[in-house]
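See the structures that follow.
Note that subunit A is present in both complexes that follow, paired respectively with subunit B and with subunit C.
This part shows the complex of A and B:
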């Protein structure tokens, strides 16, 4: 447990910064909810003027967008994007920092197996992400209750909010796998932003082209809010794909980490 | 008969196509202070990193305390203290927090020993690691390597950054640990420090073990680097005689000559005494220089 605690202690400032950032992001946009609800007609005209290609690209589905939680989902997709960067960066960092800050010799010559160190690191990351998810989820819930004039279906809301968890765990394990494969990774936040934005671009391309092939390559489709609002459930097939990949990344990461050469500094 | 602490058999490590070490075999007995010397790039660190399971071998095997280094690493690590050539720790931590974290892996109270060692090494436990000098960071490394009273101490070029007085204290500590029963495995490229401390040495060159001998034997082969300036340029006869007696790398330039000498010092000084010397220096050669001429 000592490695797990140490990891959480080391990440505590970063965690606090991310939670504040994500919560502020949510709080900043929520006050627009009443204004949005009051001006649905003019909004419809405006968006229609933009053309379906553009609105589709940024994830606006007309039928969903003007329903309950539609606008919230739209704001939430940007929180997901930012939280995705956090998770991916954390996954990269928690493994890569031992090489980057040259502490691998210290840690890996201690009487703990690599499997144990890996698991403790992963669980430390998961705990930090769960804290993020709970706080951000609560901030969303309370601000939605405070600002939204419409009532909204709680079950759909909870499903929507839960995409923060599935998305973060997916990107977190992806980060761990990349860091296990590329020990000399110097930049973590830059790589995290790059990869997450790439996934988002793929999501936009998938929306515009409506080519189902693209859906397979972006987690923003695995856990898509528009689908949840329209169907009151996840897209089961996509969810299964996302969760399977998460598990796969975790297992392959472990296998690589266990037998990896740690070179001298 | 003493127990074998380290047993290495046909150990080979390649980094892709690059050679790390090739077919190395030797063993170290309990209670030995074993020197592991060779020039930079000879494969000393590679061997040590294999023993510590930081890297994995291409072939061959290694055992410590009879346990397999690659499948039983955590059990072995319980009894091993390791001090790397360069120490790096987590930023923002205080020395005492780092040492407590390190001790937490061994499941015993190491605090009394940590305080004792810090006092001996004049290390302030309350300081932040980021603010420490290179030498002081090294001291943190020594304390965390010795705090759990390991049965085997593995040192990879450990003296860099320590001033001569601190080196002395450090060597005293190692001797005390050795008297307590700990085996010491000491890698270095500085021959004199190995000579001061070790009972037996392995000499490594270009990834291969080229010699395994007792310190007393190596000491008989005392190498000196000699440089002399004569008042008259007619020293050739004497220098020829010295080459006959065991000098190598002879370089003569007018009145100046330099060479590496291995053999009876008195005999050499008798010959040199016949010259009209203006200046004479006799010093320890670098290991590199010895290797260049004696272990081709």
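This part shows the complex of A and C:
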């Protein structure tokens, strides 16, 4: 338990900073919701004047897609990007810092198996991430309620918010695996930003070009909000892929970490 | 001095390689598919059109994405977010790594003034951002430029984009100028990262400060680009100096070129000054 507690204590300030930053990010966009709703209304009038409905034009449920949740989903991808960087950086750091700050032999000479250390570190990270997700989810819920004049289906909202968890756990375990594989990792935040942005731009390109090949390579597609809005559920195939990759990263990370060579100072 | 330069180049060679590779691939996959972008308004595009302007600007959708200009501006904004972060983090790490790795006293007892140490490190940093910029250049050269000329249907969209921008600048020339502007901004962020590292007390938090500088610049850019009335605030955010939309329309602005030169020179001087007086532990 000591390692777990120690990790949480060490991360508490960073955790607080991330939670505040992510919450502010969510709050910053919500005041735009009324303006968005106005735009949607005027477009509706415009189309009605031409004797058309939007549902016919784009073939999905208009009220949901252009309702408050549609707006929220659009903004949320941005929050997911930032939260993804947090998770990946945490995963990298929680493993890499022992070699970075030369505390690896201090830790590894304690009468604790490497498996136990690894598991405690992973659970410490998961606890911190869950705290983040709960706070950010609540902030999103309350600000959306405050700024939205329409009601929205709670189940879809919860599904949307839950993509934060799946995404963060995916990137967290990916970070752990990378840190276990690359022992001399120095600057974790740079690597985290690079990889997460790569995934995000891939996601944008996948959306713009509508080429299905790209879908397989970015977690933003595994847990995609647009699909949830349209279908009120996850894309089961993609969700299964994402979750099994998460599990795979976790297990391979354990195997590598248990056997890897750690240099003394 | 040359020894420090060489050492810094070697120490960052691996990370530079992966950044260059990543950026190259990123741009390549973004642009190689460009001609397959349909000009039909899909649901997602309708969504962007309905967003308030601030959100559109922040996501880089200042022009319709089916025009080559609009797509280029959008992709380049995301790329620049990444490589400015790289530059700022690199600048910060060049200075603070000596303390983190506990090699500072080894370095500072060499018969070299602290100013020379900083200048050598800055030169190494500049070389690296130039290499990264070259990777972007190369990638655009093999993906976007051929895509532009290969598909004759695109010329109509190029016209639309040029009309929307109100520019008579050749698109290819505009793209090259944007990349040059990008390079200057990279150097500015590199120097800002070095200042952040020399000015902050703790050597562990410098990366966070450097990253924050970039994010603040990004936020401020969104405000300036949305309002259109507070252009003078653009002086405070390097994102705005050579923002690709403005470069595609009017080329590099002479005023901002002068400002950039001033920022870079004063910045190097300031980090020398701060580093000389720094209590290095």
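Everything below uses one rule, namely that the second predicted complex is superposed on the first by the 238 of 265 C-alpha atoms of A that agree within 3 Å, B and C clash if a C-alpha of one lies under 4 Å from a C-alpha of the other, contacts with A are read in each partner's own complex, and residues count from 1 in each chain.
In the analysis below, a contact is a pair of C-beta atoms (placed from the backbone, for glycine too) under 8 Å apart; a residue touches a chain by one contact, two chains touch by 3 or more.
Everything quoted here is computed from the prediction, not taken from an experiment.
After alignment on the shared subunit A, the placement of subunit B and subunit C results in a side-by-side fit free of clashes.
Of the two partner chains, subunit B is the only one touched by A:108; subunit C is not. By the touch criterion stated above, A:2 is placed in contact with subunit B alone, subunit C being left untouched. Contacts of A:65 after superposition on the shared chain: subunit C is touched, whereas subunit B is not.
Contact with neither subunit B nor subunit C is seen for A:11 once the two complexes are overlaid on the shared chain. Among subunit B and subunit C, the chain that touches a larger number of residues in subunit A is C. When both complexes are overlaid on chain A, the residue A:257 reaches neither subunit B nor subunit C. In the superposition on chain A, A:203 makes contact with neither subunit B nor subunit C. In the superposition on chain A, A:36 makes contact with subunit C only, not with subunit B. The gap separating subunit B from subunit C at its narrowest, counted between C-alpha atoms of the superposed chains, is 9 angstrom. Of all residues in subunit C, only 15, 18-19, 22, 25-26, 29-30, 33, 36-38, 42-44, 46-48, 50-52, 54-55, 58-59, 65, 71, 74-75, 78-79, 81-82, 85-86, 89-90, 93, 97, 100, 207-208, 211 touch subunit A in the complex they form. Of all residues in subunit A, those touching subunit B in their complex are 2, 6, 10, 101-106, 108-113, 116, 259, 261-265.
Per the touch definition, subunit B reaches subunit A in the complex via residues 15, 45, 49, 52-56, 73-78, 80, 82, 84-92, 101-102, 104-106, 144.
Here subunit A touches subunit C in the complex through residues 17, 29, 32, 35-36, 39-40, 43, 58, 60, 65-66, 70-71, 74-75, 78, 100, 186-187, 189-190, 193-194, 197-198, 200-202, 204-205, 207-211, 214, 226, going by the rule given at the top.
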